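Quick one: this structure, given as structure tokens, is what I'll be asking you about.
Note that the chains take the letters A, B, C and D in the order they are written out, and that residue 1 is the start of every chain.
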Amino acid sequence: MTEVVFYVFATIAVVSAALCILQRSAVSAALWLVTTMFSLAGIYVLLGAQFIAAVQVLVYAGAVMVLFLFVIMLLNIGHSTPDLRGSSMVGATVVVVGLLVVELATLWRYTPRRLAAEITGTPLANPAALFAAGQAAQQETAARGVVGGVAAPLFQQYLVPFEATSVLLLSAIVGAVVLAKRKV
Amino acid sequence: MPVHLVWLTVAFPLLGFLVNGALAFARPNARRAVSVAGVGSLVASFVVSLGIFLTVRSAHIVEPEIVKLWAWLPVDRFHIDIAFQVDPLAAVMLLVVTGVGSLIHLFSVGYMQEDAGYARYFAYLNLFIVFMLVLVLGSSLPVLFIGWEGVGLCSYLLIGFWFSDTANASAGKKAFLMNRIGDFGVLIAMFQLWTTLGTLEFVGIAREAPRLLQPGGTAVTLITLFLFLGCTGKSAQIPLYTWLPDAMAGPTPVSALIHAATMVTAGVYLVARTNVLFAMAPATSTLIAGVGALTALFAASIGLRQYDIKKVLAYSTVSQLGYMFVGVGTGVFVSGLFHLVTHAFFKALLFLGAGSVIHAMHHAYHASHSHDDAQDMRNMGGLRSYLPKTWVLMWIATLAIAGVPPFSGFFSKDEILTAAFVRGADNPWYYLFYAMGLAAAFATAFYMARLMVMTFHGENRSGAAAREHLHEPGAIMTGPLIVLGVLSALGGILNVPAALGGHHALAGWLRPVFAPSAGYLQVEELRGSTEYLLIAAAVLAGVAGLVLGYRATLNSRLLPAREALPDTGFARVLANKYYVDEAYDRVIVRPVVGFSRSVLWRFFDQGLVDGLLVNGSARLFRGVGWLGSQLQTGQVGFYVLFFAVGAVWILHVLLG
Amino acid sequence: MEQFFSPILAAIGYNRWILHVLLILPLVGAIGILVAPGSWARWFTLVVAGLEFFLALGLWFAFDPSNGGIQFESQVDWIRGWGVSYHIGIDGISLFMVLLATGMMPLLVWGSWHSIQVRRRGYYALLLALKSAMIGVFISLDLFLFYCFWELLLIPMYFLIGVWGSSNRLYAATKFVLYTFSGSLLMLVAIVAMVWTVGRATGTYSFSYDHLLANRDALAGQAPWLFTAFALAFAVKVPIFPFHTWLPDAHVEAPTAGSVDLAVILLKMGTYGFLRFAIPLFPAFALSPAVSAVFVVLAVTGILYAALVSMVQPDLKKLVAYSSVSHLGFVMLGIWGSTVQSVQGAIMVMIAHGVSTGCLFFLIGMLYDRRHTRLIADYGGIARVAPILTTAFVITAFASIGLPGLNGFIGEFLVLLGSYARFPVAVGIATIVIVFAAAYLLWAVQRVFFSPLVHEANRTLRDVDLRELAVLVPLVGSMIWMGVYPNPFLRRTEAASRRYIEMVSPHLPPLAHEAGVIRQEAAR
Amino acid sequence: MLLGPSLALSAILFSLGVAGVLLRRNAIVLFMCIELMLNAVNLTFVALSRLYGAGGYVMVFFVMTVAAAEAAVGLAIILAIFRHEQSVDLENINLLRG
């Protein structure tokens, strides 16, 4: 059942992403991107990351995309002319992206067992031993709930980077204001 | 006076230099103070020199006394002190330099009285004496070299004393450069000496040379050749003599002191100082005598057709220096030095006499607002009635230089010629040198008679207006002339040969100095009759020259310089000094400068090295950079494309 | 004097802290200038420079002349993992370089008191920073440290030329930096390779000079290219013909203080590098007949070539710049002469060239301040209006010409004398330059100071004022002092030179005349 | 476990993002494509977090923060450029040209 749902979401995500990059109108593109993000949030839930899924909907699909739409409307470029690049660029893109997909296609067949084998270099009888941290985290989530599972490392192990992001956000706010101001 | 006080002889003029140098900046018009400091320091130095001389004489100092002042270049085994060497030779030179120097300083007080650069002049003159004394007192070649180059510096400064005139400044520069070519030789000789002997002190050279050098060998020949190159520069011998006539651009007392009496004789002194080396190198000695004889004749011939009174004397100096080199080249160092001393007397007298003539002429022209040349003999004539004392004294000097007995020049010149003749017995070249010397003696007498006649005899040609202002300068200028006149007349007493009833006083005095070389020079005795014959020949040449010169000049039609016709034929070649200056300019100076400018600098330095290699490589890199920059389209899409290609490639490497 | 000062210096522990202070003080001063108000900059710099010089003077007395090794040494670990340490000290060779660098400082500030009108703070800060880097180069005994200072120096110099220079300054500054930098990058590669090679052989990876020197045998196999890399870096800096073309441009465009610093210190870094690093580390290769021949030929060519080119320069600064190339050729000749005399001579030429060429640049700067031209043709007859300036210039010119009794002679004479035994022909050719040296300088003197006063603008040219006199008097005085009584200088460099010769002598062929003298003594 | 399919999905989304960046000239759309790529990466983090622990979630959290900051600043830049150029077409913005 989970797999079926996963593939449904995955299909939606890929199709809407493709539409996002192919739509002429910036507004449509933005809306298709929102669709992709929603389906990704669904996949996060399937993968057991409910908190991340919630944040994805709130921050990405909500705040960030709204910002995009605001700017599009502010600049009044919702009905823009075709903006695809020339045919040589399209050809180059097809080749490069095609190669990229080919290179990454091998990821399809990865399982934890294979991953463990590649990391250690020998096939392991019990790959779970290698991924003890993951199991510990799942136990943690089970004990403290989905928010606690993320919060504990965030405010203990990653406290300094966390504080650094706050500074980053602050400077981003200041920077955005300064840049967007009409006259300096 | 204790010998170790010899440094005082240098210290006094140095003090004079410092005082006058300071005055030149601070109080250029304090003439009285300048005179006192300038002349006083010299007289003090002369007194000390006299004391030293008497000490050397009474104490019979034979071995050189070394007076060490301080260590100058102590470098490992190489060790040079600033030290003075007191021996009979140094004592003689001390007296000549400070004595003649004092007289000329005194003369200068009158001569330069009205010059704006009075203090500067005396500062330079005092500095010159300092360096000249260092030259004659130095106990080692490097210390001598300080003086050697120092006198060159002073010569440069004094020739270019009136520097606002380009010609004067150029003459000073030329003198210094020509001297430097010679200094190159001295330096190389020093290096070779140090390399072979391990010492540069005169005492050490005299001790080590017989031990370590092969007589007539390559090393000693090389050393002496290079030393002699130095002498040709400083003592104005062929091929480096051309600076000396130009040096007459300086004030006349300077010509008397530096370019006649003292500095230019430094080459002779150097040969005498290192006599042992030259005695060991017969090939070089022959060359020296040959160059000397050639110079004597060559310069005397140029002197025949010069009109500038100082130029005549300048070529005369070159010629007389040639005699000295014939002497030292023949191995009779004493005779060379003897001629050096007598020449210092009579040539200083001639120059100072010429100075007093020029002084008078200059004043007369100045007073009558004429712009004629005060040094051109064609503008003079008949000055004997206006400048009687100068006239008499200059005749004494003329007789002396012409070699008329019993004046001083006779004794010294005769000795040199006799010695050259004697040496001819084992080296026939010397007969040729003797003949050239004799011819030069004739020419000398001829041009001196010409000079005297053109200046003092016949009609006066200076113009009526100027004539009224002609008069003899004051006692401060004639006084030194009289003293020099006495010395020129009687200087021969110093070294009267046995054949004429004397006992070679100077030779006896200097014997210890030349003792190291005695073993290498065989002295040949001369039969009495031959000697008298040689004396007669020399006197005859001189007297004949005088008489012919007197008659020829008096009979020729002389016109003032302005109206004179240009010379023709060979006379013109002589008047233009055989075009040697022009030849040097065309063959050496201009090609070197032109080559440096167009080939070395423009083509090689700017074109090849800087243009092609340095800037060329910069241009190459810029070109490569331009090619690279063509990839920078500014389109973000392209950058991303490259980025993506790179990412794919990395993935391929990682996953594949 | 020494008896008097030594106990005082010992009492205040001078030997322990002096080099650190000399190194840091200008840098602190530079930061101070940037912080302080702009109007203080000149006085502040003067005070720092004066203090630096005053402190450095103690080196003269505290230095032990009998010790040929490193003195005032101290070592602190810096980057332990790489074997890098802060290791400093001086010997007789570097002593005078440090004294020269510090002694010039107050004069530099005095000398360009009014020359700089814009961005004074930056100018003086850079001047001080430059000084720190220079001192660092001469006292470093760790190759990493040395390299850092070596490159650090380029930055202030680049800006001094590029910002405060004259019309074509950017070209000159860029050329200077790129030229010297491309040379020194090779040196960096060589240093790293050397550390690695020695590390593999001994098991100790260290940039320490002592360590590398003690194990230089391990480098013998790679000596050719290592030495070449070092030699290129130093040759550009010296500069040896034909790597000299950056120098005239840099000199011409630089402000007076930059020119003086270039001439006095920067050029000496190259020759110092040869004496300290390139030759002692690879003596067998560096002093082999073939390599010696290359360097001696280049040195002699440079001596003559630069003198000839100098003769025809229309620009005073270029003339002096080329004369520097000629003088430094003597240093190179002396270094390869490899006798105590020639090496001491080389050091003396370095000092003397610093003083007299520095003074020449000051004097040209003074002329430039008055007339704003460096072309010889624009002058003439200056002696009549500015006698003191003329006197100073003539004395300095004669010092540069190598008149005995002035400083230039001592070094050149010793170099030639010492090298003659090894390279008689080369020395013979090099000696000819005394004629050309006199020619180019006296010709310039004549055209600038003598001859008639033809340009009206020169008629009102001022003579030197007291401030300028205060710059000139110490310089001219030291020229005479070094010429007449060079003993104190020679005494302080002798032990170090002898130690240097001992260091390289196993790889030197015996001297002909020494063999001769020894034979003579044996026979006696 | 869905590890392989998640990673593959992430790869496809990422490639689509790259294709978008390459194909489009509209600066805002380009920006969105970058967001798409960031999302793809987030998916990888989440997928692997099940094996490697909560660090992946934290990293996703950070990525989101940075993306938000970037969007704010980036859009402000686009705004400024639009004011200057009257266009968001990247063809017209080529200040980087060598």
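Note that in this section contacts are C-beta pairs under 8 Å (C-beta built on N, C-alpha and C of every residue); 3 or more make two chains touch, one makes a residue touch a chain.
Fair warning: this is a prediction, and the values are worked out from it, not measured in the lab.
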item: Middle chain, criterion being Cα centroid separation; value: C
item: Chain B-chain D separation of Cα centroids, rounded to whole Å; value: 92
item: For chain A paired with chain D, centre-to-centre distance based on mean C-alpha positions, whole Å; value: 8
item: Gap in Å, rounded to a whole number, between the CA centres of chain C and chain B; value: 37
item: Centre distance in Å when chain A and chain B are each reduced to the mean of their C-alpha atoms; value: 98
item: For chain A, residues contacting two or more additional chains; value: 85, 89, 92-93, 96-97, 100, 104
item: Touching two or more other chains - residues of chain B; value: 637, 641, 644
item: Interface hub residues of chain C, defined as touching at least two other chains; value: none
item: Those chain pairs that satisfy the touch definition; value: A-B, A-D, B-C, B-D
item: Chain A residues touching chain B - in the complex, by the definition given at the top; value: 85, 89, 92-93, 96-97, 99-100, 103-104, 106
item: Footprint of chain D on chain B - complex, ascending; value: 628-637, 639-641, 644
item: Of chain B, residues touching chain A in the complex; value: 637, 641, 644-645, 647-648, 651-652, 655
item: Contacting residues of chain D [partner chain A, same complex]; value: 1-20, 22-26, 28-29, 31-33, 35-36, 39, 42-43, 46-47, 49-55, 57-58, 60-62, 64-73, 75-80, 82-83, 88-89
item: List of chain B residues in touch with chain C within their complex; value: 24-25, 70-78, 82, 142, 145-146, 148-150, 153, 156, 160, 163-166, 169-170, 173, 176-177, 180-181, 183-184, 187-188, 190-192, 194-196, 198, 211-212, 592-593, 595-597, 600-601, 605, 609-610, 613-614, 618
